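One chain, subunit A, links the two complexes that follow: it is found with subunit B in the first and with subunit C in the second.
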Partner chain A sequence: MERSWQRWLIRFGVFIVMAIICVPGLWIVMTAFRDNVEVMARPPVWIPERWTLDNFRAILGLSENQQGIPVVRYFLNSVVISVTSTVLAVLIGMMGGYAFARYRFKGKNVAFLWLMLSRTVPGISLSLPVFMIWSRVGLIDTDFGVILVYLALNIPFTIWLIDGFFRQIPLSLSEAAQVDGCTRWQAFWKIEFPLAKSGIASAGIFAFLTSWNEFALASQLTRTTASKTLPVGLMDFTAQFTVDWTGMCAMAVIIIVPALILTFIVQKHLIAGLTFGGVKG
Partner chain B sequence: MRFFRSRLSPPILLLMPAFVIIALVVAVPLLFSLYTSFTGYRLVQPASLWQWVGLRNYQRLLTDVDFWWAFGRTVLFLTVALNLELVLGLGIALLIDKLTAGQRVIRTIMMFPMMFSPILVGFQFKYIFNDNVGLVNNAIQSLGWENVTIPWLVNPITANLAILMAEVWMSTPIFAILLLAGLMAMPRDPIEAAKVDGCNPWQVFRHITLPYLMPFVYIAMAIRSLDVARAYDMVKIMTNGGPAGRTELLWTLIARTGYQDARMGMANAMSYASILLSVYFTVYFFRKLAAARRTMGGVE
Partner chain C sequence: MAEVRLEKLVKSYGKVGVVHGIDLTIAHNEFVVLVGPSGCGKSTTLRMIAGLEEISGGTISIGDRVVNDLAPRERNISMVFQNYALYPHMTVKENLGFSLKIAKQDTATIEKRVAEAAEILGLTPLLERTPGELSGGQRQRVAMGRAIVRHPDVFLFDEPLSNLDAKLRGQMRVEIKKLHQKVKTTIVYVTHDQVEAMTLADRIVIMKDGHIEQVGTPAEVFEKPKNTFVASFIGSPPMNLLDATVATEAGRKIAKLNDGVTLALPAAAAEKVTDGQTVTIGFRAEAFSPVGYGLYGDNEVATIERTIILPEPLGTETLLYTELGGKEVQGKMLNPRFVKPGEQLTFNLDLSRLHVFDKASGMSVLV
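Now for the complex of A and B:
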């Protein structure tokens, strides 16, 4: 008797936790498909009575009576900036991770520490000097300027994760391949790379999420549609006196969906990446 | 490959791109901002970049009440948030570990907040805590208190609580997921042995489960400490430091001083305080992690 009572208590506890995690997000999604009248309604309307795509039409500039925010442009900027900085960060992270995992060299620990410390600099503190320098050399409001900064943000964590994964692969495997006539380069691509693929994938996802979601730096380094990303675009809605709740929620959905899809595809690697890359050093 | 045969050693070559980029984007700008913090640089007066004022900015900071309030609030905020996230994350992990089915689905759901942009989390809670259209006030009114309208983000105390809640909502799942992974990887034999020897559940937890989980705790803390400043995004969209500066954190104060008031020199001096704070948190947790790894290595 006591056992089943305990089991239900645990299930109830888990249910509460899941509700707290899910309800805020669901509320945003529901508002995105709601009529603006419903948002203000008294008494409140919990589940939308009429699901509508009007909010998306409005912010995409497809309806006539409302001025759109250049969401498509922001979306494209976000994609270009995130994908480029992720691909480059993973490449550079693989090189760095391999160096830390496979070689002994002078100052290795110091180099690693400085790498990590460079990541801890708060975005807003870094943005001040970067803003001053970028505006002198003409990198303000360019995709390239933002990509460069995100690359520097992502490299330390990418190296950390990939280093952990390379270390798990026994050195004897690639040595055996080299005895059999492979060069170290071939051994890397034929042995070590395939084995570390899941770790590299998870490093890539973290890099992508960081770039896709970053706000503090992007909000200062971008000015116009030339390079503004989605998170910065979200602030367009609050500049006015009244907040356009349904429009903001629609934009929120547009920001979250790509991240959601990508994360669910590789979710298995994500946890492995976080725990094994970190613990078994 | 010729690449490996060049005169520089391979690890140096492999690490070169990483360090070049970090030098360009982090090291050089930080040196520049260190210089700027000794000038009276204002954005609107470019010539003031060369106006050396020595330690004046730092001296003013020492007596600046707003700065110390923001600094203290930031330290308090981080301490409370990190501890709360750890305790809640541990509780959730233990709860899910006891579950007999559906663990994978629940773990997937828990990843949800990790994918959110901090600015989105801030917006989400700004909406939920809005006094007119927010979910919380709607719920209170539907439960019968029809005339109650709590101005969550206008009252200083509740505004700080709302920001804390946004922060905890976003980061607790990371702790829960990592600690759950630790619990699942844990060998069962020592627990069984302890139970046979007559330990009660609390003793088992305190002396076997918790020590085993410590490396996972420090990994979570280390990962988390790399990104403590993202609370800036949340505060920026939720209250922007208001009401009357009562939710001002160090990071929002830096942004206000640097960009709004255009006092770049002063803002850079503040920046260094925030950088030292972040470095302190990171070094602390990375050292704990290294120590935990060594003990783990000794056991294996």
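Now for the complex of A and C:
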């Protein structure tokens, strides 16, 4: 009796938590497909009465009565910045993670500690110094400037995660490969890399999602369509006295969908990466 | 021809020496076992031969090449690791063929050599499995198969059986021995298990603290241990070692044990000791048996009455724990009968099988 009572309590708790997490997201998606008038309706209309794509047409500049927002441009900026910073963060993470996992060198522990400590600093607290330095060297409103900042955010994490994966691979595998005729480089690519692949993939998806969703720093460092990313572009919907909620939500959907698709593709690796991270000392 | 020659081989990590200038020549097709307690430098020595560990001093040559600065892949060796080190993402077949693929052999050759190796080791039905789907003994065989497909000059084994249970270890030991008979190659084998060393080796190299203590055939190191370390390391149970003082009695050299028991020394040893010298007397359990339960032939024996502390029946023989010279010693009873703790038995100690070591240096007086 008591068992089932406890189980229902747990289920109820899970339901509440999931609702808190999911309902706003669901609300965004529904709002993206509803009429503007429904948004402000009181009492609120939960399920849209009429599903419409007008909001998407509007922000993409396909309807004549509203001025478009350069969504495509923002999208491209986001892709360039996220993909470049992810690829670089994973490459550097692989090199760094391998070095920390496999080599003994002076100051290794201190270096690792500093890398990890850098993650304890909230990124936003660095926005002012970064802004000042970037404006001096002319990196404000450039893709490169944003990429650089995202690399700094992501690299400690990718190194930490990938280091853990390489640590799990017995050293003797690479030694066996070397005895079997491989150079150290071949031993890495043919043996160690395939075995650490899921870790590297999960490091990649984490890095990508961080860059893709990041708002605070990007909003400081970007100014125009030259480098504005999608999350920053959301601010275009707020005017002095009004907020175009439906347009904003439509754009939010555009931001969510690629991240969602990517997450589904690498889901298997992601779970491996997460559970692994959980047991690692 | 692949003779392996180690000359003044040294390994140190910073100031900490691990291997202190060892010299060893391993003949073509010889099966040499490096044995010793953990930390004696045997694995390090093997890894230096493999090229996985840098050499701090001296030279290693394989055949007529000095290989000091060659990468592992250039030494034409193969190695079986303690944890097998099979590539988990490849099938057994791919594991076996990996080295040939790296060497860019054509597919037909790879197929043929893999099939050969699989045949020798009975792996043919397992070729499509991955290492995760194999038992410990099967993994061990795949690791050996991976080593033999390459037709290397030298096989290196790094404690290959220590991860197996006792029964499987016995089986694999036999398989390794058979493998050496089929695939004639120089083998260097590292183990901490003296039974493995005794059963497998053509020659045993006993190491301690980075030095070689003795090199010899299993019979030599068993029967003529150079020092007390070898005496106590080789053989099971370990040799009984008792402190004694040399004296002369009725014109013969005798050793007087701490509890007053005197033992006449064998002629060869007697010549090498002087009165008053403190020595360590060694004898194996099989030289110390109850009257009628040992093999003495016409050898001279010392007859000693003892109380049994503990009998340890092993089936075909019984180990008897008793006390001599103030220390616990082990005797052995062949074709045993039931023995109770506390029972009084008369033992014969075969004096011709006494070993005499100088106490201070630990070296056999015969050396």
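The rule we apply is simple: the second predicted complex is superposed on the first by the 253 of 281 C-alpha atoms of A that agree within 3 Å, B and C clash if a C-alpha of one lies under 4 Å from a C-alpha of the other, contacts with A are read in each partner's own complex, and residues count from 1 in each chain.
Just so we're on the same page, contacts are C-beta pairs under 8 Å (C-beta built on N, C-alpha and C of every residue); 3 or more make two chains touch, one makes a residue touch a chain.
No experiment lies behind these values; they were computed from the predicted model shown.
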Answer with clash or fit: subunit B and subunit C placed together on subunit A by superposition.
fit
Looking at A:62, would you say it contacts subunit B, subunit C, both, or neither? Reply first, second, both or neither.
neither
In the overlay, answer first, second, both or neither for which of subunit B and subunit C A:130 touches.
first
Which holds for A:121: it touches subunit B only (first), subunit C only (second), both, or neither?
first
Thinking of the overlay built on chain A, is A:39 touched by subunit B (first), by subunit C (second), by both, or by neither?
first
Subunit B or subunit C, by number of subunit A residues touched
B
Partner chain(s) touched by A:170 [first = subunit B, second = subunit C, both, neither]:
second
In the overlay, answer first, second, both or neither for which of subunit B and subunit C A:26 touches.
neither
Partner chain(s) touched by A:183 [first = subunit B, second = subunit C, both, neither]:
both
Contact-wise, after the overlay, does A:191 reach subunit B, subunit C, both or neither (first, second, both, neither)?
second
Counting only touches as set out at the top, which of subunit B and subunit C does A:53 meet: first, second, both, neither?
neither
Angle at the Cα centre of subunit A, taken between the Cα centres of subunit B and subunit C once the superposition is applied, in steps of 10 degrees
90
Quick one: smallest Cα-Cα gap between subunit B and subunit C in the superposed arrangement, Å?
11
Residues of subunit A contacting subunit B in one complex and subunit C in the other:
183
Within the complex, which stretch of subunit A touches subunit C?
170, 172-173, 175-183, 186, 190-191, 194-195
In the complex, subunit C residues that touch subunit A
50-52, 71-73, 77-79, 81-83, 85, 87-89, 98-99, 102-103, 146, 150
In the complex, subunit A touches subunit B at residues 7, 10-11, 13-14, 17-18, 20-25, 27-28, 31, 39-40, 43-44, 92-93, 95-96, 98-100, 103, 105, 108, 111, 113, 115-126, 128-130, 132-133, 148-149, 151-152, 155-157, 159, 183-185, 209, 212-216, 220, 231, 234-235, 238, 245, 248-249, 252, 255-256, 259-260, 263-264, 267, 270-271, 274-275, 278-279, 281
In the complex, subunit B residues that touch subunit A:
1, 3-4, 9-12, 14-15, 17-19, 21-22, 24-30, 32-33, 36, 92, 95-96, 98-100, 106-120, 123-125, 127-128, 130, 132-133, 135, 138, 141-142, 169, 173, 177-178, 181-182, 185, 215-216, 219, 222-223, 225-226, 228-230, 232-233, 236-237, 251-252, 254-255, 258-259, 264, 267-268, 271-272, 274-275, 278-279, 281-283, 286, 289, 293, 296
